[in-house]
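First chain written, first letter: the chains are A, B, C, D, E and F, and each begins at residue 1.
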C-alpha cells in the first residue's frame, strides 16, 4: 500500500435532525470532517498509510478529532495541537424540496492561523507517494496560501504525486481571488478535480454552449491541459439535484485525452451528502495509486460516492470490497 | 404592515414518530396549532401585527400555547385563559403507502365552550385590516357559530377585509349542517377558500364533469360569485396524493374572473403536511394585503406551502425572503 | 374463527437506526420475530386462535418474547422455557442504494436445540384447523428436521390443513441440503409458498426462459403439482427491488390450475421490510381459512404486505378491516 | 392460584422527561395505569388469574390498553370497548426539591360514563376469590358509586373476599363527599387500606396526637374496627418525603389486633413513584391470598413497593422470586 | 409592575448529556442564556416589563435567541442584529464526583464587538425602574467597559435604581483587571452582589479569618459600604459543593446594616445548576422592586434558586406563586 | 513510557437505559469492554504503549472493537480476526435499591475458542515491560487456561513484570475450579489483585473474623505472600454498596509488608460502575510502572476509579492530569 499525505482543516459540523430548522431545534448532532481529511480517512480504510497535516485546539474537541482519525487508521503524528478554537459550522439539514443551509463559524480557528514554520514539510514528504490538497486550504488565510504553494512545490521536488481539488467555496473567497491563487498552484499539480463552472469562472475559459454536457467537459479539460501540460488527469462528477433527498450522479475521469464515465446513479432517500464528493475523490485516487483501468476507477469512485450518501458523517466507512461489490451488482436486497 | 385578527381553536397535537402506530408507541411528540392560528403565525412571521382570538386552559398547556405564539411575534392580548381543557388530537403519522390517522379528543375544550360575550369584538376590530376565520370554528359549537357570524358582520361594519376558508372536517359536522351554516356566513366574506367538493356538497352546485379540472374550478368559482357577489377572490390548491410521503401541489387564485395558477410542485419525502394548507392561505392573504400581482401571489403562496411540508410543526417558520427565493429558483443545493 | 398452530424459532433482532452502520452505532433497536411467529401474530390479530410451538431461554429475553406474543393474542401454552440462549441477529438497516445486512448470531439457541420429545404434538394438533411451518425450522438442526417431518405427518393424520413456506436462507443451509429435506416434507403439504428460484435450485425443475415471468410461475407450479398432487394451492410474490427504500410488489395465488394476481404496488419510503413476506402469507392463509374468493385473497394478502412495510417490527399490526379498506381504495389522505 | 377481579379506570399517563417542565417540553412518555389495574397486573405477575372490569374507547388507545394488560397475563374479557375517550393525565415529573405535578384531563372518559347495566357482575364474580376496588372508582361518577356498592354487596353474597383501598384524591372529590360514600361501602369490606388522614378527615375519628406515629395508627385501626367489625385487616405505609427523589418507606399490616411493620427503607434515586402504593397493595393481597405469615406479608409487600420505585411505568414488573430475594438480602451488587 | 433593563451577552450553551464526556459524545443540547438575560427572563416571568440590551448575529441562531426571549415575555426592541457570531460555550455536564467543565468559544462575538454608539442609552432608560448588569459585560471588551460605565452613570442621572453583580470569571480576566474596572463602577451602584472572595481579591479588603462565615460576610459588607456609601444593599449565597449533584444553598441579604439569611437547603439530584445564581438575583431584585420584607425577600430568592436547579436551561421558568408555595412548605409530594 | 501487553476477551455489552428492565425495553446501548482491555485502554490513555492480545469475529462488530481500541491509542497488531461470534452480555442497569443484572451470552465466542498456537507469544513479549491478565481468561476454556499459564511462564523467562487480577466470576466457574487453576498461575505472578473472599474461598486461607477489615486484609496478604513469595505487591478495594447508585470506595495497596490506603470516597449518582475496578487496576499498574510512592499510587488509582463511575462505558477516559487534579482537590465546582 502507499503513503499518502493530506493538508486541510478539520471542522466540527453541528447538524440539526431532519425536519427541524436550526432556529427551532434544541439538539445538534456532531460530526468531524474536512474535504482533505475525508479523503484521507477513506484512503486509510482502503489500506493506505495516511498522514493528515492539520491543527486542532488542545481541548476536548481536539481530543475527539484525534480519536476519530485514529479509529479510522489515520496517522496523527502531524495533527498539531494548539491555537484558539476548532473551526465550526452549523448545518440545517435539508430534506425534500428544502435544501441544506450552512452557517459557517470557522474564523480564527487553530488551522486557519497555522504558520508554515510549524509544519516540517520535508520530513513529512519523505517516501510519500501522494499528496492531496484542495482549494479550501488556501482560501482560509494568507499563511495557508503560502503553505499550500510551498508544499506542492516541495512535493514535486520529492517526486511525490500531487492531487488538487478546486473545491471552490463562495462563502470563503471570491471567484477572482480563487482564480488568481489557483493559477499559481496548478503548475505543480498532477491530478486535478474541477468542473465546468471552475473552468469558466476561475480559469477564465470561454464557455462553449453548443456542445453536449459531456463534450463540454472534454473541451474544458483539453483547454486546461494546454495551459498546464503537467496535469496528467482530471476528474469530476455530474450531479443533478432533483431535491435535497434525490440526486443523480455520474462520475467522470479524463486521462490520456479520453473521458471515461460511470453509469448514472439515481440516488434517493439521501441520508447525508456531505463528504459525497470526497468519497468520489478517494475512489479516483485509490484507483490511480493502484494502477487500475480508467473505466474501473471511475466506476469504483462513483460507487463509493453513492454509498457515502446512505450514511451519516463526513467520512466514507465502506471497504474496497463493499464498494466493488456494489459497483458490480448494486443489489439492494437483504442478504440473509 | 397590517393588523390581522384570527379566531380559532388551538389544539395540542400528539404525534407518533414515523413508522410507529399509536397502539405501539410509548412516546408522543407535541405540537400546538389550529387552522386559523397557523395562518396567524405565518402572517406574523411575514411582518404583520397579528392578534389571535382564542381560549386555553389556565394550566401549563395553556402557558405553553402562549409562549409558542409569542415566540412567533403573535399578540396574545385576546388569548383568554380558563375553561376545562385544551382540545387535543392524536396523529398516527403516515408514511409511504400508509396514510396518517387522526383521533380527535377535542370535545369540551376551553375554546369550544367560549361564549360570545367573553370576546370584546368591537374593541378588537378597531383599526384591523384583515379578519381570518375558517369553517372549523363554527363547527365546534352553537355558541361559536354565533360568534363567527357576529364577528364577520361586525368586521364588515368596520370596513375590515374578511377571509373565510371552508376547511370542511367530516369528523366535526355533516355536509348538510356545514352547508347551512356557511351559507349564512358567505354574504360577509371578501376572500374565500374552497374547492370542488365544497362547491358540490356544501353549496349544492351541480358538478360539471365534462370540463377539465382547471375549467371546473373556474366554473364553480363563477357560480359562487353569482350567488355571493361580495366575494372578491377565491383560492385553493390541487393536491394529488401519490402516497403519504409524495404529493403534487398546485396553487389556484381566482380574481377578477380569471384563474391564476402556480407551477406544479412534486413534493417528496414529506416531513409533516399538517399546516400545509394554512401556509398556502397565509401566502395568499399576505399577497393580497401587500397588493402583489395575482401571478406572484399564487406563486409565493404555493412555495410557502411546499416549504412547510419539509418541517415538523403546524406553523410555517419560513421568512418572506426565503419563500421568494425558493419560488424563484427552488434550488435544493447546499449553499456553502 | 379457526385454531392455528405454528412451529418456528423466535429471534431477537438488533437493528441499527437508519443511516448508521453497525460498526458506527452505539444504540440498537430490539424486535422479536421469526417467519412462522410473524404469521401467527397476524392471524391472531385477524381473530384466529393461534398457538406457537417454540422455545426460549428462561431469562428476561424469554419473558419479553412471551409478553410480546400475548399482547397480540397469541397463546403461549406451547412456548417452552429453557436452553442456552435466544437466537439473535444484527440488522444493519438499509436505506436508498444501500441494502440491509444481516449478521446471524443464532447458533446454539434454545429452539435450535429443541428435541422432538419436548413437544406434545398430538395434544397440540387436536382440533387444529391449520398448521404453518417454513423451511427455516428444518434448516436449523437435525432434530428440528425430524420434528418438522413428524409434525407434518401427524397433522395429516389429524386432518389438519398444512401450510409450508420454502423460505430458503442461504446462510443456513445449501440449496442441495434444503432440496433433499424439503422433498421429504412436500408429500404432507396442502398449501405451499415457493418461487421460481426455489423450483429451479431446490426442486431441480428446468427453467423455462422463453416464457414471461407470469407464465414461468404457472409453469413451475404445474410441474410441482405434478410431482406432489397433494398440494392444493401455491402462492408467492413478485418483488422488484429498485432500492432498499423503494420496491414494487405483486402477489400471486395459484389455485385449481389458475394464477390470480394482485395489482402491482409501488412501495416507497419503506420503513421496515422484515416480515413483509410473512404478512403476505398470513393474508393468504386467512383468506383460505375463511374461504374467500382467490382474487380477493391475493388482493387482501398483498395489501397486508404493503402496509407491513410502513411500520417497524416483524409482526403485522393491521386489522382485517384496515387491510380491506387499504386494498379497496388505498388512499393516503389524512382522515380528519 | 386464585381468581381475582378488579374494577377501575385505566388512564393514559403522559409524562415529561426528567428536568423538563410540561410547558417546556415537546415530547411526552406514555404509560397506562390505574390504581386497581396496577394491583391486577402485579397479582397476575405473581401467578393469579386476574380479570379487570373497565372500559376503554374503541380506538388505538383502547387497543394499546388491551395489549398492555394481556402482555402481563391479565384477562381482558371484561374490558369493555366504547364510549368517548380514554381518561388522560399529564405528569410533570418531579426531581430533587421539585415535586411532581398532575394535571388531570379525565372527565367524560369511557369508564367514567360506564353504566352498572353494562357489567355482568354475577357472572364475573362466579368462583372469584378476591375483589379489589379503590376509592377512585366511586369518586368518578354517580353511576360508578352505584356500581361500586352493588359489586361489593354482590361479592359478599358470593363469599368473595373484598378489598378496598381509600385512595383519596383531593382533585376528584371533597373529603366530605368521599367520607359519606365510603361509609356506605365499608360494611362490605374485608381488607382495608387507609391511613391516619383518612381516619381523621373521611371517617371523622378524633386525632390522638399524644401517641407515637405507630401507636396512633393502631389506635385508628382499632376505632375503625369497632365501627366496621367486618373488616379483618388493615394496611398502609409510612412514607417520609425528603425530596421527589428520596423517600423513606415502611409498611404496616394490622391483623388480629396487632400491627406488623416492615423495616424502614431509604429509597433514593427514585425513577417513578407512580404505582408505588399499588405495588404495596398487591404484595399484601398476595400474601393474604397465600396465607403467609403477617410479618412475611408486610416484608414482601414493602419490598415490592421499593422495587417499583426503580422502574418507569405504573405496573410492578417484578416476580415473586425477585421480590422475596430483595426482601431477604436487598443486595445492590451486580451479579455476574 | 416595573420597567427593568439589562445589558449583557447571550450565549449558546452546548451541553453533553449526563454521563458523557465532550470528547465522547455525538450529540449536544442547546440552551441560550447569559447572566443578565437570565435575570431578565425571570423578572419578566414575575410580571415586570423587561428590556434586554444585547446583540446577536443576523442568522438562525440570532432568530432563535429572539424567539426564546419573546416566549418569556422579554421585550426585544433593543436586541440588536449583526456582527460576526453568537458567543458559544461547551459544557461537559458534571455528575456525582465529577465537576462540570466549561470550554469557552466566545471571542469575537457580536456582543463583544458592540460599540457604545449602537445603543440609544438615554432613550432606553426613560421611565426605567431598574438597571441590572454584571461583571461579565465589562470583562468582554474595552468598548463594553465604556458602555457599562456610561450606562450606570446615565442610569443614576435618570434616577434609575442600579444593580451590579460582580460575577467574576477567571477565564475572562484577571482579578487585578477586574478589581480596577469594578472600582470605577461601584460609585454608581445601588444594589450589589458579591461574596467573600470578591471582597478580598477584587477589592483588596483584608480577610478576617477569626470570624464565623456569617460574621465575615457582615464584616466585608460593612467595609464595602464604607468605601461606597451609595450602595444600599448587598446579597450573595453560601453554597457548599458536596458533589456536582449535591449542594447546600443559603441566601444572604444585607440591608440597613443587618444580614438576613434564608434557611439552608440541601439540594440533591441537581439537574442543571447553570443559572442558579441568576435565579437568586432575580428573586432579590423582585423583592426589592416590590418592597417586600428583607426576610421574605431572601427566602423567596433562595427558593427560586433551589427550584432552578431542578430544570434544564439557564432561565428560571417558575412563577411567583410557585416559588412562594415552595418557599412556604417546600413539599415534594405529588399533588393529585 | 512502557510497553504493556494484556490478554483477554472483549465483549459487547448491551445495556438498558436507566429505569427500564430488559424485558420492557426496545432499545439497547452498546459498549465494548473486558477486564484486561479496560486496563489496557486506561494505560494507553496514560501514555504507555499497549498491545491487546484478543480475538474478535471478522464482521462489523469485530471492526467496531478494532476502531474503539485504536481510538484510545491501543495497538491492534495482535487483535486476531476470525471465529464464530463476539461474546455478548446484557446488562439490566441498576438504579437506587435495584441492583444491576447481568445475563451472559458469551459461550462459543471467537476468543473462548482461541488456540494457544494462534498467538506468537515470544514475539509479543519481546521488550515488554508488563503483562496483565485476569482470572476471567482461564475461566473461559481449557485452551485459554493453557494460554494463560504459558504466557505467564514465558513472561517470567523474558523478565517481563506480570500482573494478575483474580476477578472471580461465579457465573463462569466454581470456586473450586478457579482455586485449582489460579494456584498453578500464582508462582509466575509479581503483582496480584485479590480480596478477602478470594483468599478464603479460592486459596483456602482460614478467615480471621476477630480482626478489623483492614487488619484482616493485611493478614490474608501476608498469608499469600508466604505461599507465593514471588508476589511483590497486592492491591484491592473496599467497596460498600449502599445502593446501586451510592457506594463508598477505598483503595488498598500492600507492598513491602505494609498496607497503604486511600481516603474513603462516597460515590453517589453512579452513572456506570462497570470498569470501575479495572480503572483502579490501571491506576495501580501505572503507579508501579512509574515508580511512584505507594501512598501516591493508591491515591491516584482510587481517584481514577471514582471518576470512572461518572461516565458511561467500560474504559476510563480520564487523563493522568485530570486524575491527579481530582485526587488532590476533588472539587466539583464548575470551572468557568
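One rule holds in what follows: a contact is a pair of C-beta atoms (placed from the backbone, for glycine too) under 8 Å apart; a residue touches a chain by one contact, two chains touch by 3 or more.
What you see is a predicted model; the values in this text were computed from it and never measured.
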Any chain in contact with chain C as well as chain E: A, B, D, F
Number of steps on the shortest touching-chain route linking chain B and chain F: 2
Far-end chain from chain C, centres as C-alpha averages: E
Pair exhibiting more inter-chain C-beta contacts, E-F or C-D: E-F
Distance between chain centroids, defined by C-alpha means - chain A, chain F (Å): 43
Numbers and ranges of chain E residues touching at least 2 other chains: 21, 23-24, 67, 101, 269
Contacting chain pairs - touch in the sense defined above: A-B, A-C, A-E, A-F, B-C, B-D, B-E, C-D, C-F, D-E, D-F, E-F
Partner chain F, residues of chain A touching it in the complex: 67-68, 70-73
Contact set on chain C toward chain B in their complex: 265, 267-272, 306-307, 309-313, 317, 326, 330-336
Touching residues (chain side chain E, partner chain A) in the complex: 14, 21-31, 59-61, 63-64, 67, 84-85, 88, 90, 92, 101, 103, 105, 107-108
In the complex with chain D, residue positions of chain F that touch it: 18-21, 23-24, 89, 94-102, 104, 169-171, 241-246, 269, 273-274
